[in-house]
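Paired with subunit B in one complex and with subunit C in the other, subunit A is shared by the two complexes that follow.
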Partner chain A sequence: MTNTIDTSIYVAITEAIQGEVRRILSEGNVSAVIGYAAARRKGSAQPTVIVQPDDAEKLIFSAACVNNLAVYLTKAKKEIPKTGKIGIVVKGCDLKALVGLMGESQLKREDLYLIGVPCAGVLASTAQPAQPLTSDTIAPKCRECDARLPTGCDFVPDQQPVIPELERRYSAEIARLEAMPPAERWAYWKEQFKKCIKCYACRQVCPFCFCEQCLCDRNKPQMVETTPRPAGNAAWHIVRGMHLAGRCAGCAECERVCPMDIPLNLLNRKMAKELKELYNYEAGFEMQEKGPLATYDEKDDQSFIK
Partner chain B sequence: MPMEEQMHSFEPKIIAFVCTWCTYAGADLAGTSRMQYPANVRVLKFPCTGRIDPVFILKAFQQGADGVLVSGCHPGDCHYIAGNFHARRRFAVFRKLLEFVGVDLGRLQFSWVSAAEGGKWVEMVTDLTERVRGMGPMRDFEELALEEQWSGAITTPELQEAYDSI
Partner chain C sequence: MQKYLSQQNFIALLSKLISDGKRVVAPRLDAGTPLYGPLADSAGIVLDQLPRRSAKETFFPVCEDIMSYDKVGQQVTLTNVTPASFPETILVGGRPCDAAAIPVLDAVFSWDYKDEFFLERRRKTTIIGLSCTQADDACFCTAVGLSPADHKGSDLFLTPVEGGGYACETFTEKGEALVNGNRDLFAEPNGAQALPPAEPQVEKFDLKKVKAWLDDHFEDSAWDGIAVRCVGCGACAFLCPACHCFDIVDEGTEKTGKRRKCWDACGFWKFTHHASGHNPRDLQPKRYRNRIMHKFKYYDDKFGQTLCTGCGRCIRFCPVGIDIATIVSEIGKK
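Moving on, here comes the complex of A and B:
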């Protein structure tokens, strides 16, 4: 059964964002705002950077605003001008990523002006941008979202998203895989990883993949085969899963941009689930100075160690 | 009395990542005490278990290891105060990841062996070697390495025909 999801609040949110951006840019303490603008294709949206108050009317928010804009801050952080703050439009999931980055000292809260968006969900990568948001076209991450209303932002439009209860696909898929014997799981992932073409789009789009030199690009010693063959692909995805464990905020951008439709976020969700069970860690809106793998407790479980 | 020699059809390759302060010294003690243990183990010495990156374990499997042993100081005994505490968390998470990807965790063993526990080292190596021997060779990563890229697979009759006509 297809349920339409109410996105009428996005109109009011768009207006509120435009007004706020016009105000902060004309007051001058924010030098640029990263947000979404309408793109050429009907209904679609693309990231944009606004520096002039008059351009604020270009900003929109709709169900097609899928990108996590936090990536523009990690990968271009050196270009953040020394004078003035950077404004950024964030959905709940994007804010979690930003908070994670602040915890890792990649960004400073005082350099940012956060415009939070009460979000009723965005479209899946398989949907056309002009399609209405329904229980079929909504992104899988939004089905399990627990962060629709960002907190701790400088400005949040006063709107309440209304969301029907949706089937939780990641949880169901993780449970299905966990119930398999290891050999079957290996066969499943082998098929998935085999598709990989090593385009590294997942790495490019990930706000947390900010290493100056990726371990997987190094060839002395070479830890991960760089060619797009099954062995190197599996190694890349395992290393990626490990490096994001305890850090991934669940924006699912990796999965969205994957041209080969590898269920990348499944690995990340599984790791998040384990981190929650093992160390009671969850990505959230509260900044944590140290991630679960950067700290320890003397009483940690060691039943697996002889 | 000399030990009875037994012939096995399969000798597993075991890679042991050990910390230099405890387990390496423990293995050394086993040697100087003339304890016998399977020669299948290849010991790699690290400054600390905290230095052992999970990617090393992955690499060991890819390079043909049938089993991997990771061993270091008991909690609280780390030469660098907290290296093994950090390692403990990292490995707890990594083995969950490997399990989810479908690697049989029977091939991966973690242990704490102090410099005085030569006997425990012998026990660890013997246990793992015999267990892995029972499980047979690790084929998963080897098969993966031999597999062709997805685009190389000729999966349909049309593709086969096109391929034959070249």
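Moving on, here comes the complex of A and C:
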């Protein structure tokens, strides 16, 4: 059964964002704001950078505001001047990435002005931007969201999202894959990775893929085959999954943007599940310099050393 | 030559070609994603959605081996891949935006260097184009001077008609040979009305004005605004029917390995990264500028053609919503 999800609060949230951005840009202590603006296609939105107070009226929030804008604050994006305080519109899931980036000393809290969005969910990549938000068109990550109301922001509009209980698809899919014999599971991933064309959209939208030079772009020595072929594709996605373990908080941008429909967030959610079970650790809730895979403790489980 | 092909005979034609040992490439689902690829069974064809990647890969694969090397002792053996071994292929259900890109690519692949990998596949492939009856708001073939019923690039073109089946028209000897070789499946035209073609909504670009602005504005602050959101992936170039940049890499061990030709994209930082460490396109707006310049100026300067057929894939799948139709349209109004 399809349930419509109430997104009427997004109108008031849009107005509140516009008002706040106009104020902070006019007062001059914020030099630019990264937010969402409407685009040509019906119902669509795209990231935008606003520097003039009068342009604040271009900002919107809707179910088509899918991007995690945190990527624009990383050092991988040199086009956004990082001088002065930068304002950024964040959903709860996006905020988790910022918390991670601050923990890893990539960003300083005092350099940011966080405009949090009470979020009822955004559209899945399979939906058209003009479609209404329903239990069918909502993004998979939103089905299991635990951060609908961002905390610790400088400004959050008052609206309260109301969301029906939705079936958790990642958990179900991970359970299905875990139940498979290894050969069958490998066959599943081989089929998925075979489609990869190494467009690196997954890497380029990821807030945590901020390496100056990605290991997978190196050719002296070559660490991973760069060509889009089965072995190198699998290696790339496994390397990335490992590098994100304990860091990825599930914004699912990699999966949303994959033009080949590879369910990449399953890898990240599986790693997150392992980290939770092994170290009782969840990324994105508090600033921490080093995640469990980057630290050593004598009390760590060593039973795997044989 | 004009004929009628019933839906039943269309499927029968695919089955016959497959059983004759021809390589039949058509849109079908690959792990759930619609892609052009070799059809194992005529029932697998999926014609109601635009394949995610364009048909260029039929001629210019995502990645192909072009040579291999083997070293035994001090003896090194190099083995070329011989294009003569490529199979006869029928590309079925090529959308007008995809089929029209193939003659555009002919120009660059047969210019100063003859790319035998592309050209041999081109010689051995017959293209059966299919008219579009549906468009979404990312489609813009009409804005670049094509149309959902354009037969450019097709050897044989199919137009769905009222009551089912297709009106067929041949445009080349290859198309005629295909019909003549399967005469029992094609009937005389039955006069059925063609289903109305799709109507993309984007206003026609003034390509001359676009080029005139590009001619004079390599350096312009507008590029920063256009490309500030670009995150530098290759999704647009890789889904594009006309983008054709590739890289050649050697992969393997000291003893054995392959030389491979695979897709590359000007959006990547690495694309123009020099061995010295210098990168002339150091920021993303310079890379995005190249994308627009190549499509609407450089290719036109060199080959008198536009390197865009308006398929809209780059719009639909840009991770950050960059809309080339809006960008080019605005450039045309400057």
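Quick note on the criterion: the second predicted complex is superposed on the first by the 296 of 306 C-alpha atoms of A that agree within 3 Å, B and C clash if a C-alpha of one lies under 4 Å from a C-alpha of the other, contacts with A are read in each partner's own complex, and residues count from 1 in each chain.
Definition applied: contacts are C-beta pairs under 8 Å (C-beta built on N, C-alpha and C of every residue); 3 or more make two chains touch, one makes a residue touch a chain.
Owing to the predicted nature of the structure, the values given are computational and were not obtained by experimental measurement.
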| item | value |
| --- | --- |
| Subunit C versus subunit B on the shared subunit A, clash or fit after superposition | clash |
| First (subunit B), second (subunit C), both or neither touched by A:169 | neither |
| Partner chain(s) touched by A:205 [first = subunit B, second = subunit C, both, neither] | second |
| Contacts of A:49 with subunit B and subunit C, given as first, second, both or neither | second |
| First (subunit B), second (subunit C), both or neither touched by A:58 | neither |
| Subunit B versus subunit C as contact partner of A:109, first or second or both or neither | neither |
| Contacts of A:195 with subunit B and subunit C, given as first, second, both or neither | both |
| Which of subunit B and subunit C A:75 touches, first, second, both or neither | neither |
| Subunit B versus subunit C as contact partner of A:228, first or second or both or neither | both |
| Touching partner for A:39 - first (subunit B), second (subunit C), both, neither | second |
| Residues of subunit A contacting subunit B in one complex and subunit C in the other | 194-195, 228-229 |
| In the complex, subunit A residues that touch subunit C | 39-42, 44-49, 67, 71-72, 77-80, 128, 191-192, 194-195, 197-201, 203-205, 217, 219, 222, 225-229, 232, 253, 256-257, 259-261 |
| Subunit A partner contacts - residues on subunit B that touch it in the complex | 54-55, 58-59, 62, 75-76, 82, 85-86, 88-105, 109-112, 124, 140-141, 144-145, 147-150 |
| Subunit A-touching residues of subunit C, taken from the complex the two chains share | 30-33, 35, 52-53, 62-63, 136-138, 224, 227-229, 231-235, 237-239, 247, 249, 251, 260, 262-263, 265, 268, 270, 282-285, 315, 317, 319-323, 325-326 |
| Footprint of subunit B on subunit A - complex, ascending | 177-178, 182-190, 194-195, 215, 223-224, 228-231, 234-235, 238-239, 241-242, 245-246, 267, 270-271, 274-275, 278-279, 292-294, 296-298, 300-302, 304-306 |
